[in-house]
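Mind looking over this structure? Questions follow.
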Amino acid sequence: MFKAKPALIRLAVATLAFSLLALNSTQAATTMPKRIISLSPSATEILYAIGAGSQVIAVDDLSNYPSKAPITKLSAFSPNVEALLNYKPDLIILNADATKAVEVKAALEKLKIKVFLESAPLDLSQAYLEITALGRATGKISGAQNVVSEMKSKISAAVKKGKTTKKLTFFHELDNTLYSATSDTFIGKVYKDFNLINIADPAATADSAGYPQLQSEYVIKSNPKIIFLADAQYGESTETLSKRAGWNGIAAMKNKSIVALPEDIPSRWGPRLVDFYEFIATSIAKVK
Amino acid sequence: MKILKSKGHESVLAPIWNWKITAFAAALLFFVGIMAISFGPVSLGFTQIIKTLFGLPGGLTGQDRTLLIDLRLPRALLAALVGAALATSGAVYQTVFRNPLADPYLLGAAAGAGLGATIALTSAGADLYSLLPIFAFFGAILAVLISFFISGKFFAEPNSLLLSGIAVGSFATAVQTYLQQRNSSSLRPVYSWILGELTVANWQVVTWSSIYILIALIILITVSKQLDGLMLTDEEAYSLGINPNKLRVIAVVAATLATATAVSASGLIGFVGIVVPHLVRGITHRVTNRGLLTIALVGASFLVLADLGARTLLSPAELPIGVITAFVGAPFFLVVLRKKRLVTQ
Amino acid sequence: MIKIEDLNVRVGQRNILADINIEIEDGKWTCLVGPNGAGKTTLLKSLLGSQAYSGSITDSGVEVFKNHDRNVAFVPQHPQIPIGMSVSEYVMLGRSKRDGWGNESNKSRNLVADILQVTGLFGMQSQFVSQLSGGEMQRALIARALVQEPTLILLDEPTSALDLHHQIAVLNNIELLKERGVTIISTMHDITLAAMYAEQIVVMHQGKVLLSGTSDFVIHSPELKTAFENRINVFTLDSGRPVIVAKKDLSN
């Protein structure tokens, strides 16, 4: 008998190894979506930061960062199931606040498309959890972990630098009808990390849901030392504020601590949160 | 009684209603419906659609089939139902209130539904979101009931009911605005609901809304011929064999049922209830309520077409359907009004 | 025979009609006369059966309230004019009683065509009723009542809005109904015309019937003058026809 046995064994082992490899790669293929559509500007930023950018085939019309993202006319808030279908995606990241998000998800899943429903996080730790979850959904777990740890260290550095012991009161203006955000909101918590005192907190009522509308008199009386203008992108500035009756007497106006917040950054909860924290830290340092 | 016989005038009178028109409207609906389910960002072949619908071999499979059966078909059906409901109840209200400008949202139904929807959206938690249609439905019905209750003298003066409807509507809108102010996160969802949307119709919605709408439509079409009597004074109607009060109640109840169901399924879609009845009357030169079935069919076609436009015109974005009905409806309406004015001069 | 016994009609707090007891003969023309507010229209509506009353009104022995077995035509003083409806369609509505709503038989259409001829409306059959002049509208109302082929016809001031020529034309058309045995009851402001056409006259004043009887009898009665607070003069022409006019001096 010629020595077939060792040859056979080698063949068997090779086949086994080969098929295991093949199996593994198909498994990897099913867990790593290759055609992702992001209908959330924050998710878009995160996807590119964790290294899933090459898997993204389309993003919604508000996802303007990073600029290399394939921006389309798809709407984040009014998703159109059929239009999405046209792209032949295998994963769609859908904003839970979108119109009829529940029904859209159900319809897409019926069409055998995976849907990742993301809701706006309530605080920083939730944001980290969501970034990690996105990493899992896209097969970029290590990428996500890297992003999270980098965010954690940079943010704590910024907070350490900017944290103040002085009693710095501030007013965060959402629009020129004086809607503000309390410390219960995500953005309110960012300010809280710096030990800033939010004048909107005492004005919160049971159903303002974190976004009370303040009265002009109240703002004047509270005499905030810094004013953050989230509506700077809509034209509000030191000049327009000085035209408001009685506002010139406010401390923030007198020592020129009116901070125009950059567009988008405060409303995106992805890796650019770091930029926001650093921006706040710098602004605080400038206050006399 | 001396009767003059003119020569050979067997049936010189023009027929009151030409049923060929109704048949045409039905055919139009069918045609428009097929168009609606084949067009969209994803095109489906016409013959394949027919094969799939009739269960013949060679139809669509997989994602395309799901698209047709679970997305397009219910959406087109819902559009047809809502269009028929709104057009018919608009026509009925116009007859009952002897007011050519009446629309199905009179009597505060729209404002009541809006308030119901807002309550559902602003109450604690998203739990009530799935109950939104129920809230909207009962909001509409309650508003109409309150209008009846306030006006009291409905039977003598339909116009007093109209006025109390306006009052109830204004009040409901005020409350709704207040609730929205206190819950600013509800602004966008309520607003988009108000604009009207059929975006993610599913078979569940189609099932329950079709039951109520079809019941209401059957009732209205059954009494449609007698509704003509409501165009006369109550004594004239009575002398011709009608009980005008009873008929008015039946008509208003059925029409309100249709409207409330339509609103809770698809939000507030305007113009259909005013434009379609006048369109049909203008084209057929007849105001008889025998035209109700035709009005229902044309209303269905109108909304199916409008929904097709909502889906495709600005693709991939969706136009709110209320915008389309307004854009199309308003000019149509003006044209019909002009022709009517010339005629009645 | 229409019998009215102890008829009282209250609307809200007011007694519109009080203690009316009269009989109206079939196949004759009866006219209700009296000043404004006498309750003529309300009596007409009670005879129609749509107005609630206490007491009794019977037509051939059957109570009339909400009794749809009768075929009664009602011609109002101020009709509700549907917009966009053609004359032929409007007149055709009258056939609802005989044919049922919305079923126009060929027989009906022929009859309507005939009546349109008789009332001179045939040429306008496709025009909108809202476009008709006052006289044409009145004729359309009469035409509709005629096609109904009723047993009783109630007319509320059928000639008030018409010029002299049309008044006579319309009244002549109504008179044709008598040949069919139709009972005619009308209210009239113009007592001269009433005297010309009606066999029976009922004088009403403030919700009560002062007198009911044949034309001749009533015209020359003191009750007629009382109903109008003695402000009328009754003259008789050589032909025997009575003419009733208001006095110029209203102080009496």
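For clarity, chains are labelled A, B and C in written order, and residue numbers in each chain start from 1.
What we mean here is this: contacts are C-beta pairs under 8 Å (C-beta built on N, C-alpha and C of every residue); 3 or more make two chains touch, one makes a residue touch a chain.
As the structure is a computational prediction, the values presented were derived from the model and not from experiment.
Taken as a contact graph, the chains are arranged in an open line, each linked only to its neighbours along the path.
The most centrally placed chain, judged by C-alpha centroids, is B.
No other pair of chains shares as many C-beta contacts as B-C.
Separating the centre of chain B from that of chain C, both taken as means of CA atoms, is a distance of 42 Å.
One simple way to say how far apart two chains are is to compare their mean CA positions; for chain A and chain C this gives 82 Å. Between the CA-based centres of chain A and chain B the separation comes to 42 Å, rounded to the whole angstrom.
Those residues of chain A lying in contact with chain B across their complex are 61, 72-75, 77-78, 80-86, 97, 99-100, 102-104, 106-107, 110-112, 179, 207-209, 211. Across the complex, chain C is touched by residues 1-6, 9-16, 98, 100, 224-226, 228-229, 231-236, 238-243, 281, 285-288, 290, 340, 343-344 of chain B. Taken together, the chain C residues at the contact with chain B in this complex read 45, 48-50, 66, 68, 72-74, 76, 78-80, 82-86, 88-89, 92-94, 96-97, 101-102, 104, 106, 109-110, 112-114, 117-118, 122, 125-126, 128, 130-131, 146, 148, 154, 176-177, 179-180. Of all the residues in chain B, the ones that touch chain A in their complex are 40-42, 63, 66-67, 70-71, 129-130, 182-185, 188-189, 192, 197, 199-200, 202, 311, 314-318.
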